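Supplied in structure tokens, the structure appears directly below.
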Amino acid sequence: MFDARNISLRYGKHLAVDDVSISVGEGECVVILGANGAGKSSLLRGISRMAPIDPAGRITLRGADLGAVPAHRIVEEGIALVPEGRGVFTEMTVEDNLWLGSNPKRARADNETRRGEILALFPRLAERRKQRVGTMSGGEQQMVAIARALMSNPDLLFLDEPSLGLAPIVVKELFATLTRIKESGVSMLLVEQNVTSSLALADRGYVLEAGRITSEGTARELSSSSVVMEAFLGH
Amino acid sequence: MLSSTLIVGLVLGGTYALLALGLTIQYGVARIMNLAYGELVIAGAFFTMLMVTQAGLNPLVALILALPLGYGFSWLLYTVVLHPLARRSKSQGQLEVDSILVTFGLLFLMQGLYQVNFGGNFQGYQWLQNPVNILGTKIAGGRVIGLVFAVLIGALLYLAMIKTRWGVNMRAVASRPQFAALVGIDMRKEARMAFATGGALAAAGGAILSMYQTFTAVDGTFLTMKALVIVIMGGVGNLIGALLSGIIIGLVEAGVSVAIDPGLTLAATYAIFLVVLLWRPRGLFST
Amino acid sequence: MKFEKKHILFLIGAVLVVAGLAALPLALKDYGDGLLLGLFSYITLASAWALFSGPTKYISLATVAFYGTGAYTVAVLNETLPFAVVLVVALLIGLVISLLVGLATLRLAGVYFVIFSFGLAEMVRQLITWFETRVTGTLGRYVFVDLTTTHLYWMLLGLACLTLFIRWWIGESRLGLAIHAIGDDETVARHAGVNVTLVKLALFAISAAIITLVGAIQSPRYVYIEPSIVFSPTVSFLTLIMALLGGATRTWGPVFGAVPLFFLFEWLSTNLPDHFSIVLGLIFVGIVFIVPNGVLALIEGLFTRKRRGTRT
Amino acid sequence: MSDLLTLRNVTKRFGGLVAVNEVSFTLGAGEVVGLLGPNGSGKSTVMNLISGELPATSGSITFDGTDIGPLPPHRIAKLGISRTFQLVRLAESLSVRDNVIMPLAFASPHVWGRKARRRADAALERVGLGGQGDMAPADLNYIDQKRVELARAIAPDPKLLLLDEWMAGLNPSELRTAIELIRGLGDTGITIFLVEHIMEAVRELCPRCIVANAGSVIADGPTEAVLSTPDVRRAYLGEAADV
């Protein structure tokens, strides 16, 4: 359903992503693995149009070209991004953040029912609707970010290192929630450092090293091979 | 004397708070430090005066008209002058310098136009000069109505900011502009809208100001300075902070002019400003 | 230091030009004298302004706060002390105020500094007015000194040369390296061993001291002084726009901005006084849109493009 | 080997977040040590605490016998600590040479004039940028800008060199050159402390490694041994989440 071809991305003169192609199938969960600085987040920012990519790149969602779609329209097209660092509005309440999530027109119609479903998925947020997000713990903020993304009624969810900086117990809870989201039929593209958890969740994966894809395969293949280990700890 | 000072201070503070509200929306959302803000306030005052003296309208009708006119004018100003700068600048710092200089130019341009058309004298009109009695203090009716309308407009805007999608989006951009696109907000549209809204408040503030005091073609500069000080005191983008700081400055000015010297009001404002800058540079009400 | 031929030629040329400028009053009538005085006062003000604001990108609108302080110091002290001593006192007062203001505001973000400097002159004016009316009871003072306009002009010419020399010297010194690095990236400068606060403060103080001296030297020209006259915000605005037009980061930039604008505004204030402000405003907008780096940079750009063009 | 830098129970909090938690370690004079750890483990914060960019919340940092904890960056630089930045930072309005002269001009004692030029050109030569002193930083490509940063850091002959992901974003052949360059510097006896993600470089350059995770040091010792401990593997690859 989602296809990104020949994506390159630069910061000034530094080539952070070098001619990468990836795809996500309908209802599929795909993970991009790689060590720090391999270019995972840059890739995700590029394909969600938050950062400019080289003109050779092609991004399509269900066949529709996203090349000319400005950043703020991507969510309207059906891709919701949960960025690294969560990107929540910390000075505002949980409720405000969720409301902001329902900004796109595609989300307006059954806004209220969806909110009910999402709050059922995140019971802790339901209790704290009036709380300012900045006063919540890192794990709770991550939940707000994911809940907000779901409010936009997305076809495809992009998650950038959701487990970053969270305690192991919270990471466990997070992945349990992600599994339920996946079961609800939302496709997912996940960038992660947490290899074990993300391969347990994902159907397929890519390994990124120094801006390039060095291997890809099903989650099972990647878990059993040593390429991932080498990508992280060197050869 | 204390209660009359208090009421004068509140009237002044209410108007200042309204002005600061407009400026903090402009600076907080559109990221434009608009030094010509006070000139738009004076435009509202001149407009009201003309409507009253030439067209024979009630000042309150002029106030209602000033709102959309201020909005439209600022919308145009942003689109024609400031948006090209925002698009051109590579960094926030560059945009800050450029917008300061350009709005500085607009300040002179508008002041010059006022002076050519109206001269440098005090301007104003007579309206509801009869004193009304509030808590044992006699105060001109125009002042009271001015305060009522300042509070009304301020409260409406505040409610809109809290309760409507328009306002929530605006606050989202003010607090974390870099995340706006994530929730489908078009920054450019939002910035233009915020700048125009600020302009509407400025024009309304000018209309209210003209109801109870005279003004000159060059008064805008001091109004801008006071509004800026209030915005920074309250914390940039902080609406409640701007409201409270506006009232504080109004009360301090009224107090200083009664207790020490009317010539020292700006010096007092600046003394407070300096203390705030040194003590809490992110505003009195920041968390 | 090795003196090359071009240095010596430049020095001889500079001496000749300055001597010529110094001799100009002999050929001019009184009006011309006054004009020259005004011109060189703005050349000095704009150059001194750019000394600090050019590389740091802190837009200072405090020029007239220091200018007025200088002028007022002379007004208060001219009957009790010799003029030369009064100048020294003015210089010291300018230094002290600038150090206090700098310590309080230079740590803050640029926009706060702009706003504070915007109001500083007004604050000083209100305080002096209040002090004079309430405490000394004499609002308005007369300045009588035994100096002709030509004398004052010579002093200002000297101060202008000194300011340009200081700018050139700073450009050649470690201080110049530091201030440019600070303008680019304070963190880099700090990690290279630069005491950023000290450097900013030093330049702000030097700039303010020169501006205070300009006010002090101009003071006798007013004859009658009161706060609203010598603290006129127009001085800050004109200084700023002259430096910007010429290009604030180049040694000669402010001079190139000051000369045409001084004559333009001189002409405007006699012929179209009502439109002064309008023209000033239009020039501000024009500079930002057309010559954001100053005319000197524009001219240099044209020349290098031309040279490149002929080479290829 | 004498101790050059000692961190004792150093903690840094940002609001409620503990970025660096009770970190202690010592660098001996002449050592080349790598600081590793996943994103968000507090490595860059440790660099910023040593260089003085950030003040520590508690704990002490001693360099060459001096307590540098309370000192501002410019004082620390003068004591002989140089650094590079995660993303290249150069003064764009200065020439390449003047960028390198800057730390010389503000070292103690300072070097200025022709001598500073000579030393700057020598430093540029050493990083492979001989004869390019008059260029503008913006006209250089990415690796060369990184070289200028390195030249700026080594020009004043620091006792300790901090490299914050200096090799990130280089292509394989550039990486080879970079590794040789750093190895050459290490051979001159200068102490080098580097944050790096490129394991190849770490394995080649650093006999010793310190690994951080969630703000704490979880391993410190010979590189190969450290990289094969279960704690380190878990830090990098994540715990099994039993989903």
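Odds and ends about this structure:
Order as written gives the chain letters A, B, C and D; numbering starts at 1 within each chain.
Rule of thumb we're sticking to: a residue touches a chain if its C-beta (ideal position, glycine included) is under 8 Å from a C-beta of that chain, and two chains touch if they have at least 3 such contacts.
Since this is a predicted model, take the numbers as computed values, not measurements.
Between subunit B and subunit C, the least number of touch steps comes to 1.
Chain pair with the highest count of contacting C-beta pairs: B-C.
With centres defined by CA atoms alone, the chain at the far end from subunit D is B. The distance from the centre of subunit A to the centre of subunit B, with each centre set as the mean of the Cα atoms, comes to 42 Å. The distance from the centre of subunit A to the centre of subunit C, each centre being the mean of the chain's C-alpha atoms, comes to 55 Å. The geometric centre of subunit A is 32 Å away from that of subunit D, both derived from CA atoms. Contact between chains, per the stated criterion, is found for A-B, A-D, B-C, C-D.
The part of subunit A that touches subunit B in the complex is made up of residues 50, 70-76, 80-81, 83, 87-92, 96, 99-101, 103-104, 148-149, 152.
By the touch criterion given at the top, residues 165, 168-169, 171-172, 175-176, 178-187 of subunit B touch subunit A in their complex. Subunit B makes touch with subunit C in their complex at residues 33, 35, 81, 84-85, 93, 96-98, 100-102, 104-113, 115-116, 221-222, 225, 228-229, 232, 260-261, 263-264, 266-267, 269-271, 273-274, 277-278, 281. Against subunit A, in their complex, subunit D makes its touches with residues 17, 38-40, 87-88, 141-142, 145, 165, 168-169, 171-172, 197-200, 202-203, 214, 227, 232-233, 236-243.
Residues 57, 59, 104-105, 108, 110-112, 114-116, 118-120, 122-123, 126-127, 129-130, 133-134, 233, 237, 244, 274-289, 292 of subunit C touch subunit B in their complex.
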